[in-house]
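Pasting the structures in now, so scroll down.
Presented sequentially are two complexes of subunit A, the first with subunit B as partner and the second with subunit C.
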Partner chain A sequence: MTAQGIKGKDVASGNFDQNLSGRYNLDKLFATAAWAATIVSVLILAWLLFTILIDGLGTINPNFFTAFPSRKPENAGIKPALFGTLWLMMVVAATSFPIGVGAAIYLEEFATDNWFTRMVEINIGNLAGVPSIIYGLLGLAVFKRIMEPITGGNSVLSGGLTLSLLILPVIIVATREALRAVPNSMRLAGFALGANKWQVVWSHVLPSAMPGVLTGVILALSRAIGETAPLIAIGAVAFIRSTPSSLQSPFTAMPIQIYNWVGRPQAEFHSIAASGIIVLMVMLLLMNAVAIYFRNRFQQTR
Partner chain B sequence: MEFKARKMRYAYSATLLALLTSLAACGGGSTTDTADTSGAGGTEVASGGGVSGDVLIDGSSTVFPIAEAMSEEFSIANAGVNVTVGVSGSGGGFKKFCAGETDISNASRPIKDKEVALCEEAGIDFIEVPIAFDGLTIVTNQGNDWAQCLTVEQLNTMWSPESEGSVSNWNQVDASFPDQALGLYGPGTDSGTFDYFTDEVNGEEGASRGDYTASEDDNVIVNGVTGDEGALGYFGYAYFEENSGSLKAIEIQNEDGECVAPSTETIANGSYNPMSRPLFFYVKKEAYDTKEQVQAFVDFMLDPGNGELIGDAGYVALPDDILGNSKARVDEAKLGTDPTNL
Partner chain C sequence: MQDTRPQTMTDVALKAEKISVYYGSNLAVKDVFLDIPRNQIVAFIGPSGCGKSTVLRCFNRMNDLIPIARVDGNISFNGEDIKRFDPVELRRRVGMVFQKPNPFPKSIYENIAFGARINGYQGDMDELVERSLKGAALWDEVKDKLKDSGLGLSGGQQQRLCIARAIAIEPEVILMDEPCSALDPISTLKVEELMHDLKSQYTIVIVTHNMQQASRVSDRTAFFNAQATEAGGKMGYLVEYDETQVIFSNPREEYTRDYVSGRFG
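Up next is the complex of A and B:
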């Protein structure tokens, strides 16, 4: 009643609908600007994809996947780089997933709030912003040189562990966000039924947080798959005519191969670089698709 | 309730397992595949040269195309040998070489004194082997109709550290040049090409003005010079050869006072000086003596019949007499660096 009274008064005095069309125009203007921003970014992406596809589709053939790199662009293939990247991703997933998620569970569910955990938190936040080449130099010193008897020096294992270090902060931060989003009532309900902390975390909190955790892992792996600098720093090779046979094998990876081809003077190499980019992109999309599939499965089981 | 929680837990563990196995499966696939490849390689060894093992090469990205071509042909002829080539740059390559991590180090410049000291400290003896020539090519936009031939002094005027911020117009380089803004493009400081150019033009390795467009990717320099009428840039001859339709190579006045344009002939016969430079590889003495496959690979690189591979890569093969000198250095196991070894 009161509200209506005020409104009535405003309308009567002519204050309320003053410049109404102007405000509607401003509204439209803002909507247009937001729309334009979206369209521009989509157009740029589409243009990038389009030029890459135009440049690279023509040179993708079965031979491109089964051949080794060559000085002749028409014979050159991406096989060692493709397998090198698959091996790397295997090592990265197998190490960074348990360590990253484990660390996040500790920090979020078990750790008490003291100076030590606060310091760890600050450091993890900072590490997420460190340039990748720094991780490469760390990997060179630790995994390649000091741990050579275990990693075999310039090997898939050294490369994978270096990339794991690189993405660990991302996984930890994402997992913590996901854990934090689980309602506290779930934990309390578990405790009320007599479950201990471990049971509550493992059976209730973690499964609920899993979709968010997986999203973080996907994003982190997607970053790792495109990294070149740290791999070059630890001494990944650019030319190799074999695929890795063990964790201690020398290797090359797709971004290194692509970078190498892009830098060549011959235009033919630039086309196969575009083909390499398409293959890398498809691999990335496949990886994401698998992870999204699992994520949806989780959401349904709940 | 309990049933549901349990079911959920199983579903969760199963999915984790599935995720890891699916990734492992990718790797598993490649393991089988590699086993196949190495098996095939193994059978070919018997029919091939009979050498096997690893040859580890790293170093200059300029020399990489030569190393790649040689490795490819060598691997085809000797299927048991696994040659790997890295691209850490000339300096990065020497760091690994002197740490004993590689057998051969490629370089687009001679080894520096401090790198020699590093190798000595680690007890690494090496043989220095010139393998090819490259002509450092000075290019301008095709619309540039005023500069045909430049002297090293004129290049120095443009590129010296003192010119930073002050020399920005072609008419400051030579009074006869028009009033046209000067745009400079060149490789970044990690490049052996940069080291060589600054040494020849500015008299000190690494001494250069800093306010130019620097890129480690020479194609960026090509694009920059193509789009800027007042541009001048420098890079290896191979990049000019591939882009000769859109760039103009400047003649350089050599020590005899003649204006010489870069070409395969002028680079090989030494008249395109001082901008033609040798490219090297450095062999670890111990690896050459004890590893049959390294020795075979070095001999393969120095085989006059394989000079064609160097030409294909965009560089100029050494004339027979100089190649002979290179071979002699290896045969005599002449250690250390020697700038006059050509």
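Up next is the complex of A and C:
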């Protein structure tokens, strides 16, 4: 009747056939499958990095960063695209962060549950899945044409606002998830001390949700930095001989420049395209590093 | 104030008249009449789902925060209808301590200072923090680590921090919703001793599942019970409300006698 569970040995005990070895085997099988899945994705990434580095590292030199695009691959540089992308990211971060987080706070903390908010919620969910070229066409109509007196037409501002629209749904959804993860007891504690909603949200809920919010914003910005289609739709061109000097300046961006070089027949352009990819990836990593730094600081103060 | 009604010996801080609480169309608590005398401790006891926490939350209008909740009847605070108070003002004067200790994920100092700051406290903040922590019998344990997170304290200390936070904004009443149910016996004892000390300055209403606790700390006890409704839910009502001594030794109702002697619930 009473059998002791000696490790690794199957024991029958009353009404329970524990089948320990079978369960451990299943455990091992599952762990192996999960490990294999991880390895596959890491290998693909490593292979990608390896080939890009092989192709592109040789052509990265100081001239590459300071030169403008050229018909001759050895003279071509990435300066306008690099600056264009930096300007774009500033516009995107400055507009999408406050608007996205603000909308999420409203929907999660202030809005009452009625047909209107439910409709808004469903639409935001859908917008997150709309192809980026559609946002490009929207940006073309709204920011480039209708708002031309403000944006200056084909400009950094038009491009940045278009990319902002693209990532707003992602930021809103991620921020709402982060707000929802804040325990309700914290809100109640604030209200019981005579705080109003704003004071509870600003002092307690938002700081607690900040690491999650920043994670969402990082992911969204990473998506924006690599977008090409919407920028082409609003008319950004690759060949440009100036860096932006204001929000209304014409611009180009890293992915557009890379796309342009990849499309040329000469092999030399393909290797500087690889160099461009390396620069873009380093920018992305730097951006993420900054955001992770801020996230950790928020977590420490908790 | 001239009042023609017969006055009880003590002044009434909170008065509930025919309170019914609905969640949606469900009647959760029905027709509660209750006077909370000033500077006394009143305990609410009763089985789960009898509405004692619900009634407690009426007193500082926390039920307002639940969109589907509706409170019928009148509650007065110092003789004035609480519906005429701004809820933010009311909650400063009627503080609350929750079942699970819920300090803010901030420093011990900030936990106390937050309530004072948002309510426009003009005095010396350091002094207030010290006074509040002393008032909650926590000062000696935390005075050297005021900058440390409130979450680093033990459960019992966290709950006393929550009490300190509540008394920092100088309320007149403190509502406690099962404040010791998540604490070990030693921490419970500390909180109970603290309640005795606080009684001279504050009116305290405590919901508790622990009948010994009710009999140890309270002056008056309200016994709530629940009855099944036709819709399959539970509806709470006040069975009996009297001096704690009477409730535990010689209650009028048989239900109360059965409950306090442990025969059901």
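FYI, the second predicted complex is superposed on the first by the 272 of 302 C-alpha atoms of A that agree within 3 Å, B and C clash if a C-alpha of one lies under 4 Å from a C-alpha of the other, contacts with A are read in each partner's own complex, and residues count from 1 in each chain.
The rule is simple: a residue touches a chain if its C-beta (ideal position, glycine included) is under 8 Å from a C-beta of that chain, and two chains touch if they have at least 3 such contacts.
Since the model is a prediction, treat every value here as computed from it, not as a measurement.
Of the two partner chains placed around the shared chain by superposition, neither subunit B nor subunit C is touched by A:Gly212. After overlaying the two complexes on the shared chain, residue contacts for A:Pro230 are found with neither subunit B nor subunit C. Residue contacts after overlaying the shared chain place A:Ser70 against subunit B, while subunit C stays out of touching range.
Of the two partner chains placed by the overlay, only subunit B lies in contact with A:Arg264; subunit C stays clear of it. Note on subunit A: of its two partners subunit C and subunit B, the one contacting more of its residues is B. In the superposition on chain A, contact is made by A:Phe191 with subunit C only, not with subunit B.
In the superposition on chain A, contact of A:Met89 is made with subunit B only, not with subunit C.
In the superposed model, A:Ser203 lies in contact with both subunit B and subunit C. According to the touch criterion, the shared surface of subunit A, contacted by subunit B in one complex and subunit C in the other, consists of residues 203-204, 207, 301-302. Listed in rising order, the residues of subunit C touching subunit A in the complex are 60, 62, 65, 67, 88-89, 91-92, 95-96, 98, 100, 102-106, 114-115, 118-119, 149, 151, 162, 165-166, 169.
Residues of subunit A that touch subunit B in their complex: 68-71, 83, 86-87, 89-90, 93-94, 97, 145, 153-154, 202-204, 206-207, 210, 232, 235-245, 249-250, 260, 262-267, 270, 290-291, 294, 297-298, 301-302.
The residues of subunit A lying in touch with subunit C in their complex are 112-113, 183, 185-186, 188-196, 199, 203-204, 207-208, 301-302.
If you check the complex, the residues on subunit B that touch subunit A are 5-9, 11-12, 15, 18-20, 22-24, 26-27, 29-31, 33-35, 37-38, 41, 54, 58, 61, 64-65, 67-69, 71-72, 75, 82-88, 96, 99, 101, 216-219, 236, 238-239, 241-243, 309, 312-314.
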